[in-house]
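Chains here go by letter, A, B and C, matching the order in which they are written, and residues are numbered from 1 within each.
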Amino acid sequence: MNHDPYSWGRPSDETYGQYSDAIAHAPSFPKMNTQQPIVTGTSVISMKYNNGVIIAADHLGSYGSLLRFTDIERLFPVGKNTVVGISGDISDMQHIEALLEELETENNYDNSHADDEESLQPSYVFEYLATVMYQRRSKMNPLWNALIVAGVEDSKPFLKYVNLLGVTYSSPTLATGFGAHLAVPLLRRVVDRESDVEKTDMQTATDTILQAMKVLYYRDARSSRKFSMAIIDNDQGLVFNKELEVENMKWNFAKDIKGYGTQKV
Amino acid sequence: MNGIQVDINHLKKGEVSLGTSIMAVTFDGGVILGADSRTTTGAYIANRVTDKLTRIDDKIWCCRSGSAADTQAVADIVQYHLELYTSQYGTPSIETAAAVFKTLTYENKDALSAGIIVAGYDDKKKKGEVYSIPLGGSVHKQKYAIAGSGSAFIYGYCDKNYRENMNKEETVEFVKHSLSQAIKWDGSSGGVIRLVILTESGVERLIFYPDEYENL
Amino acid sequence: MTSVGTGYDLSNSVFSPDGRNFQVEYAAKAVENGATSVGLLCEDGVVLAVEKLVASKLLVKASPQNKGSGANTKIQTVGRHIGCACSGLVPDGRHLVNRAREESQQFKQLYKRDIPPVALADRMGQYVQAHTLYNSVRPFGVAAIFGGVDPETAEPHLYMLEPSGVYWGYRGAATGKGRQSAKAELEKLISSRDDNSPITTLEAVKELARIIYIAHEDNKEKEFEVEISWCSREHTQGKHTLVQGTMLEEALEYAKSKTSNAQDDSDDSDADSDDAMQD
């Protein structure tokens, strides 16, 4: 049998109109799974310092312009020395969270060294996530996120990025979304190149990240005041603060601004 | 349309939808679910006495918003899953019910328009729980949740007036006032206000008519 | 055995005239000859222990220092909260646990909670039973003891699954070659306690080490090692964990001191046995 519906013959054009894809029940375009993000999380920002890395993300889940959920944690510890920061679609983020939990469970299987020599390292977690992200985009069904994997491996800071396209890169300062535009320039004032990491201590890096979060709260209309910050330090291990707020904002100068040019009162 | 060229997108456009006001609130003795009763196809009210509060398990209920067909289908499938679960492992937690809802809406996000609130009373933990599952299929545990087109108008009211550990009467008033405002400002919400109260002692239904709630 | 050799023992899916499935019974025989496994339900969790017959002197040795098991761990984990100890054909046990892990993962994906031990036992029971129905497959040559703490209820559970697919909940379970003496010891242990002084996992670790030593006494010529694991609400936060280090050392010391003809692990028996698969 000839399986091409166009050669089957058909009722007259007067009755049914021109023969079309719809009559053949054939889609006029291949199946598409690409979606759009619904509930979203904004930037994740991060930087290296001389003894580890810092990563931060706020607590907001936006629904379009509606600031719908205000208590979403977007930083996920994996093992003892890795933190994954996730921006983009929150349902896909929760899916990734479940994948990471499975990864940890499976690493534990038949492995009596899972909590030391053979524990999950940042580079393993990153390679896994980058593979998942690329596979999904290749199936035309991407996970609508940009991720940053931060951690300490072999006593050295680790920082790498992957997004919904499966694109990956690394840098001593990294940010997703709005942060890539607004925060990265601020972070680079402190750490511009790999050689600057050695000169930057934890305090300086923390101050820089806090300052960048403040600027993002000033300028990103989909950001919230509350945020989390994780420090993965080579000596102290994971220090995870989930109760931070943007502080020391300057609004006072607003009182001197009158009109939009020449107006004086 | 000539009888053969049936386009699913055409169907979706004319779909019966629950352009809704729904909410669920935890309180010291359990949880209260509330909803309006309007179902529309475009501007036409297809049903003015709809029941959008749906039983999944004895003390796990949900509020449905979005496509009526989609949410009914999803609720029926979840009910089936939980029946099976109950027969094998005993009463499911509210979180498990929410997880099954999530699996269905997340895996089929391209095909579904369903915004669901899952709420229940946990007899083991002796408390009410609320999970919000918006369009994409994410899950959010909340003290209280609002959803549907009418909810946009009451974010401020609910944020200001919700208190933790209210008693039953206070919570009923809170839900009634909130939905009254949502209905007042949302053309896609209306009719009666239906409540379901889930507590230790069981399930209780309340209904409020326009004459009662319009002039609160 | 009547009807043996009459053809009814050649296949699953064929009953003998007196209503038996011989293949399943032969599988149970494989278990009876396997190394001993025991499990004990405690007040705050469960403890599992296995006898590891050392099939060859060339194998890496277990010691409390090298994580209690060396390179050759026998007790396996399902999810984070359930432990599984098998007696019989080792590869069958490995396959069974792989399946159990898939079930555990699938359960969690759908229901967002760890699989309760009873649900796992039930699903594994169905899987094992299905292997008694078809002539194209062979039944599992293992008995598996599953134990763990249900994270939702915080209750400990212990189940034993047999080659027929049947499973029961136990307070103390034993299987393998030394099961008779192990069962007797478990019964003594359980009946020596009343509701006011239920046994704790901490005590059970030592007692099960002792029971493995006793169960090994009929099999003295073979060199062996002891592997112990536990799930405790308090001590392991409900997670299934191998007993290692000084805790294992103390348990082994206790076991040796309590068994009359305490043998040293490193006696010079020829351990290169021909039933290497049967541990």
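One rule holds for everything that comes next: a residue touches a chain if its C-beta (ideal position, glycine included) is under 8 Å from a C-beta of that chain, and two chains touch if they have at least 3 such contacts.
Heads up on the chains, UniProt names are A = Proteasome subunit beta; B = proteasome endopeptidase complex; C = Proteasome alpha-type subunits domain-containing protein.
Bear in mind that the values here come from a model prediction, so they are computed numbers and not experimental data.
Undergrad: May I ask you to sort the chain touch graph into line, ring, star, complete or other?
TA: complete
Undergrad: So, comparing C-alpha centroids, which chain is the farthest one from chain B?
TA: It is C whose centre lies farthest from that of chain B.
Undergrad: Given the two chain pairs A-C and A-B, which is bridged by the higher number of C-beta pairs in contact?
TA: Answer to which pair has more contacts is A-B.
Undergrad: By Cα centroids, which chain is closest to the centre of the whole protein?
TA: That would be A.
Undergrad: Can you give the whole-Å distance between the Cα centres of chain B and chain C?
TA: Once rounded, the distance between the two centres reads 48 Å.
Undergrad: Mind checking the centre-to-centre distance between chain A and chain C? Centres are C-alpha means, answer in whole Å.
TA: 44
Undergrad: Any idea how many Å lie between the Cα centroids of chain A and chain B?
TA: Comparing mean C-alpha positions, chain B is 31 Å from chain A.
Undergrad: Send over the residues of chain C in touch with two or more other chains.
TA: 109
Undergrad: Which residues of chain B touch chain A once you look at their complex with the stated criterion?
TA: These residues of chain B touch chain A: 2, 4-7, 106, 109-110, 134-140, 152, 155.
Undergrad: Can you list the residues on chain A that touch chain C in the complex?
TA: Touching chain C from chain A are residues 98, 102, 105, 108-110, 112-113.
Undergrad: Please name which positions on chain C make contact with chain B in the complex.
TA: My answer: residues 109-113, 116, 118-119, 122, 152.
Undergrad: Going by the contact rule set out above, which residues of chain B touch chain C in the complex?
TA: Contacts found on chain B: 81, 85, 88-89, 92-93, 95-96, 98-100, 102-103.
Undergrad: In the complex of these two chains, what residues of chain A are touching chain B?
TA: 15-17, 20, 22-23, 33, 35, 37-39, 61, 63, 66, 68-69, 72, 89-95
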